[in-house]
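The next part holds the structures, each set out as structure tokens.
You will see chain A twice below: alongside chain B first, and alongside chain C after that.
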Partner chain A sequence: MSRLTPRTVLLGLAAPLGALVFAALVCAVILIATGHSPADTVQAMITSGKRPRTLVNSLNSATNYYLSAVAVAIGFRMNLFNIGVDGQYRMAALLAAGFAGATWIDSVPGPIRIIGTIMVAMIVGAAWAGIAAILKVARGVSEVISTIMLNAIATYLGQYLLLKLAVPVAGSNNIGTRPITEGGQIPGFDWPGSTSKVYGLVILAVLVGVVYWFVLTRTRFGFDIKATGMSESAAVASGVSVKRMVLYSMLLSGGIAGLVGMPQLLGSSHSYSLDFPAGLGFIGIAVALLGRNHPAGMALAALLWGVLDNAANSLDVAGVPKEIVAIMQGVIVLSVVVAYELVRRYRVRYEQQKVGRELGMTRVPAAAGVGA
Partner chain B sequence: MSTDDPPGTHAVELAGITKRFPGVIANADVNIAVRAGTVHAIVGENGAGKSTLMKILYGMQRPDEGTITVDGTRVDFHSPADAIRAGIGMVHQHFMLADNLTVLENVVLGSEPRAGVGLDFRAARKKIREISTSYGLDVDPDRLVDDLGVGERQRVEILKVLYRGARILILDEPTAVLVPQEVDELFGNLRELKAEGLTILFISHKLDEVLSVADDITVIRRGTTVSSVRPGEVTARQLAELMVGSALPVPELRESTVTDEPVLQADGLTVVTADGRKVLDDVSFTIHAGEVLGIAGVEGNGQAELVETLMGIRAPAAGTVRLKGEDITRLSTRRRREAGMAYIPEDRHRQGLLLEASLWENRVLGHQTRPPSVRGPLLDRRGAKADAQRIVDEYDVRTPSIDVAATALSGGNQQKFIVGREMTGNPVVLIASHPTRGVDVGAQAAIWDHIRRARAEHLAVLMISADLDELIGMSDTLAVILRGRLVSWVDPKSVTPQELGSAMTGAGDSEEVA
Partner chain C sequence: MTATGLSVGVETAPAVRPARRLAARWYLLIVLAGLAVVSLVRVITGAEDLTSSGTVGAALTAAVPIAMAGLGGLWAERAGVVNIGLEGMMVLGTWGAGFAGYQWGPWAGLVFGVVLGALGGLLHAIATVTFGVDHIISGVAINLLAPGAALFLSKQYFSDAPGGGQKQSPPITDAPRVSIPGLSSALDTLERKHWFLVSDLAGLLRGLTVNVSLLTIIAVLLLVGTLLVLWRTPFGLRLRSCGEAPVAAESLGVNVYKYKYYAVIGSGVFAGIGGAFLAISSSQFRDGQTGGRGFIGLAAMIFGNWRPGGLAAGAGLFGYTDAMQLRGSDAVHALLLLLAIALLVLAVVQFLARHRVISAVAAVLGVAFGWWYFASDQLPPELVGSAPYVVTLLVLALAAQRLRMPKADGKIYRRGEAV
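On to the complex of A and B.
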């Protein structure tokens, strides 16, 4: 799909834009039905969205969502459904926090600590995903089932490990890992007019996006992933070892999933505690779907999700239940899946027609010589 | 039409049928009149529009223009159910039977005879017996379909249609899956059906068969009816030329290029399925450089398993495969491809192509580790595109560009592209499963040419085909596979399709392999 003509660009945008418009309409109907004014709601969201603080928070949320989406998308490309990004990043963040917050590490130079922390997170994420990969390759267990169960295991194992690692958080009944000291933190960027800072690791997200794009479109490995996703039987006949690809892509997906908690851990909370954000893995699935596994598409989708989430907080003030945003997000995902399939079918038909036209085959054959 | 009969005697009349499809040849102004109580053959090349036409008659497609008249009444079918109500039944090329049900259960499926809340199997069984006896179909309603042979399954399909009250039968390429002896039996059945006053529309591109069974023949070329003839008036050759619009290619090898250098050797290959069935049983052969080994057999006798084992997609339970003397039994598919094994798979859509990827990406498929499509671990997009363009030019693949998705091409052009790709990179062995299946005559001739040329350059070829003429004409050596075993070796220079057909069904087991 490397052909960039106005038509293909338009087709590519038609589905997500159509889904957005449709979702907005559904939300408007719901708002009217429940006695709220859609116009006021939009007004409240725009006002909130213009605040620098909301923008920074949106960008930070988007960074998390994007990393999560890339992790999910690696699997999607091969028709693997890694539902376990959630468990993978939570295990990774917890153990990486334990590593980075350990007392012995305070004397290690900052850059090495940070790189080490990120490595630990990636390895833990990959290992947690690796369990599902091995189950699938060796025993044929569906990765959907095993990753969902691993999410539950991660929750309880995480609580147990947190109790072992935790120190009480001053002034609350929260508990968390020992805070990472200054050398192990990654400072954020200032944003004019906002006290919150943009995560330093936003750069990591961009880097991950670029590497993801490069590997998938420019390397042999990426070709094998794509081929397996498009037609497993054709990939096998061409010499791809599907089991090996399943293993590698699950490990990669888990490794990227391990990064999901890093911007938060190293950039703002500096500790894994009971209130560390959960559920990012599931948002990643939605963002990957909306962004069609495309590196730029997912970036836009992650930003949209971030803005919606952060603007939602201001809705309660305006007297509109902020759950309307969750409804909108749900409708977007549902309608975008339908819209993509419609566009895909149209695209195939259109291309067949085009080929037919260019080869002069759709012309009505000469009706000569009909036996009389 | 060539009939002088008064209009009322036509069982089916198609007038001015036109159907437009994106990208493929549709029907244009098709006119056919089928006399009641006759076998009417519709002949044409693959892709000429025969199947579309029959789908229109069976209500699966609606024509853009034109009219259908059944027994003198204008009809307008919205679904096959409408067609069935009008007395039209269709026997599909691929059987639609549930293996684990009995004949009786298969036949009543979808039109179950009710007796209160239960099913009245007794009445159904009686009706099936009646139909079976009166048309000489010889089908036992209580046998499991799984136990039936191909010919019997086809008779069950016919019975299914008759059970639903069809008086007009459409048979879509009914002989494609049959060996010559079964074809004769089928034709016997058709004559009985005709004698009972039924009308049969017989779709085929096998002309000898058409000439022997049909009363009228309509030739379709490029979506339109080009002529209507009676079997007595034409020869098979003339009919073929009407069909193609030009002279025909013949599958034949000129002088032998077989050397004494063994390239691909199989020794005692045995494949066992998960449920313990031997699908390949002690298969041994040697293919030399410059030799084409043809494997004849009724589909499903182990050909697919043999090919997959040779390509490393399936692991044998016993036996070895050697390539140029080296044991490759445990080598992965990719290593085998790198060692020079090329593979034209039987099902190009499932195994040969990434349908929604561009042609140049399909050029990379199967060559993921070899230049010019890759450079080290990276894809060489420019190299792959240039070589895809070369294949398109050299193999006459009709496509507007190498950037279109493979699915946009016609089957014949897809196949030519696959052949071109597999011939790339100087292969030493070509495993070709049905290399010309579903391609038009021109493409068939071109593919044969390419195989002949590569053979002259010392390529060893294993060819599997359902087209006996192709097998006999293109093979240096010919083996027959039956129930997973190579049961006999025949000389392609002297064997006739009839003899080969006997060997394929196990009727001529005399020439056991030494």
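On to the complex of A and C.
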């Protein structure tokens, strides 16, 4: 939008960095107030974070978070709040797992199975988001409300469908879908010093990021999305059908949301079960906010979130409740949006002053000329 | 992301509708007719639990937290601030009630729940009113923050307490319960006769008058109090004007920021009460105790068209389906028939009002649910939990043109900036 000068870069970075520092300070105060040592806590997290295993898990978490963030960001760019990524991803992962784990599919060649599974996930995600999109364009129902409702419905419907699709998991009282057999899985990458592998679908996340960047910056569709987000009335005036844009971008957002569960499903768990993480959609919102909907910014934010989450797992052992990290994440989100707002206000005032100064400059010589 | 979403597809309700207010006795008649239908379904299906006093009592207990969350939403949205952080504020309330409740009793628990809920509201007010952050984003952030904070504090303070654990507080004593003397046994006899309508009325009355928690009575008073304060006092008028036309309000000398602060902090207080009620009535704090009730409260408020009376009806309905889940599968199955009848009635009403499309959709859905009832033996309990959400979506989809939210709801207001 604006030219890159040291000042704009600094202002752009000031908000996220300021928010991180502020969140760290808040957490330090909380830790001291509850009788823990902030230094020891950080030490424990760094020690844990250096382990190869934690790094691999962080990268894997970040993959999921990134996909979720892109799904959210597509909506954000046109002022559409897809709060329902969570439900879309869970419905998609469940039904895709049911599809990929079905007995008849074992004879289908591997690549076709994998592509089929991913297609099913995207279609289910898009369909679940499509309900909200149709309610929005046909009846004017706020997508925030309808996606919140759809999230909850997905939880209950998911439990019901899981019972229908489920086979008992050996050695626990967890239930899951029939495991995907060898051919339908996606192998991971080895990481030196760690037994767990990096999801093979980390490539898919990168790809989604690139496509997101390309669509938004290099296509007419992307331009229409951004135009609608900045000014609905201006977009309408220039011939954009906002209804169609809402429908398309919601379906697209839901389709990407459908991908969120795929790295874990095809890469490590191979079946959908009750312990699939809930709340990924909300993490996606946080990551998209922190990364300002920018493909690279969101990648950094997703990595930060992944590292924080996984390094925190060692804290309970160290005697500090690991939820301090959840508090930190919440404070980051809240303070980063406040910081963006403050920076925006500062920038507006600065530009107004600059314009004022420049206007003043041009008038001074003229006045001097008159006097002479 | 500064504006408040797209306005596409939104049909605003006609500004001036002919005033057609029903007299109180008509409402009473509608309620009675509804009860008669439920009673009929009970007689047909033999699911006695549909209107038993046990169900009604459980529904009342389940409805109170939902109604309190809904009141929280009502206060905030009437002043123009959307609050989807209600869930998080409720979580804070449950922890507060657990912390103070096990040490100093239920009333201290209530007070602590209120204080913590108010803190959550204050946070939302600072973010949305002072800093002009988007309301949805602030709410999401609070929903991320609050459960983390509650679990952190729970591990910190309950792990070593006697009877407590990492994710739960030691037991809290329940608030005192009262009954209207002399009614219980008579109503009980009537209820056991299983007569059409009479036994149902007896079950309803018995559920509402026997062994009622004092907290429930407080909740009812708060509901009535909200109606009086928001609609019958100058304070309420000013508060609502901030939700309808903040610029106009400011020009008439109303301090919009101040009223928004009052409203959003009040919103947190109600959510905190709801959370405290949950913790006290289930006699301890547990992690994940709220289970999305903040969102159901929001749904109840929308269902009730941003009015206290409608909100109470919504909360009652959702509390009823909540209570049903714990009853036998017969009763749950009978709910399908009830839903089918309700949709068919709606279809007729809409047809008479010349909304052909909506009428057709409602009729198709009604027939589908009816078919489902007769084609199946039972309804999976997993699906019953989704009833409040499905009903809300249906209401939004079928009756959106009758809903009217505050005009400036969710819009960021900055003093001195043109809209």
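In the analysis below, the second predicted complex is superposed on the first by the 346 of 372 C-alpha atoms of A that agree within 3 Å, B and C clash if a C-alpha of one lies under 4 Å from a C-alpha of the other, contacts with A are read in each partner's own complex, and residues count from 1 in each chain.
Basically, contacts are C-beta pairs under 8 Å (C-beta built on N, C-alpha and C of every residue); 3 or more make two chains touch, one makes a residue touch a chain.
Every value quoted in this text rests on a predicted model; they were computed, and no experiment measured them.
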Chain B versus chain C as contact partner of A:43, first or second or both or neither: neither
Broader residue contact with chain A after superposition on the shared chain, chain B or chain C: C
Of chain A, residues touching chain B in the complex: 1-3, 217-224, 226-227, 230-231, 233-234, 236-241, 348-349, 351-356, 358-359, 361-362, 364-367, 369-372
Chain C - residues contacting chain A, complex: 1, 3, 5-11, 82, 84, 123, 127, 131-134, 136-138, 140-149, 151-152, 155-156, 292, 295-296, 298-299, 302, 380, 382-386, 388-390, 392-393, 396-397, 400
Interface residues, chain B side, partner chain A - complex: 1-2, 18, 20-26, 28-29, 31, 218, 222-229, 311, 313, 332-338, 343, 345, 347, 350-358, 361, 364-366, 368-369, 374, 377-379, 381, 398-400, 403-405, 407-410
Contacting residues of chain A [partner chain C, same complex]: 30, 34, 76, 78-81, 83, 135-146, 148-150, 152-153, 155-157, 159-160, 163, 228-229, 232, 242-243, 246, 282, 285-286, 289, 316, 321, 323-327, 329-331, 333-334, 337-338, 341-342
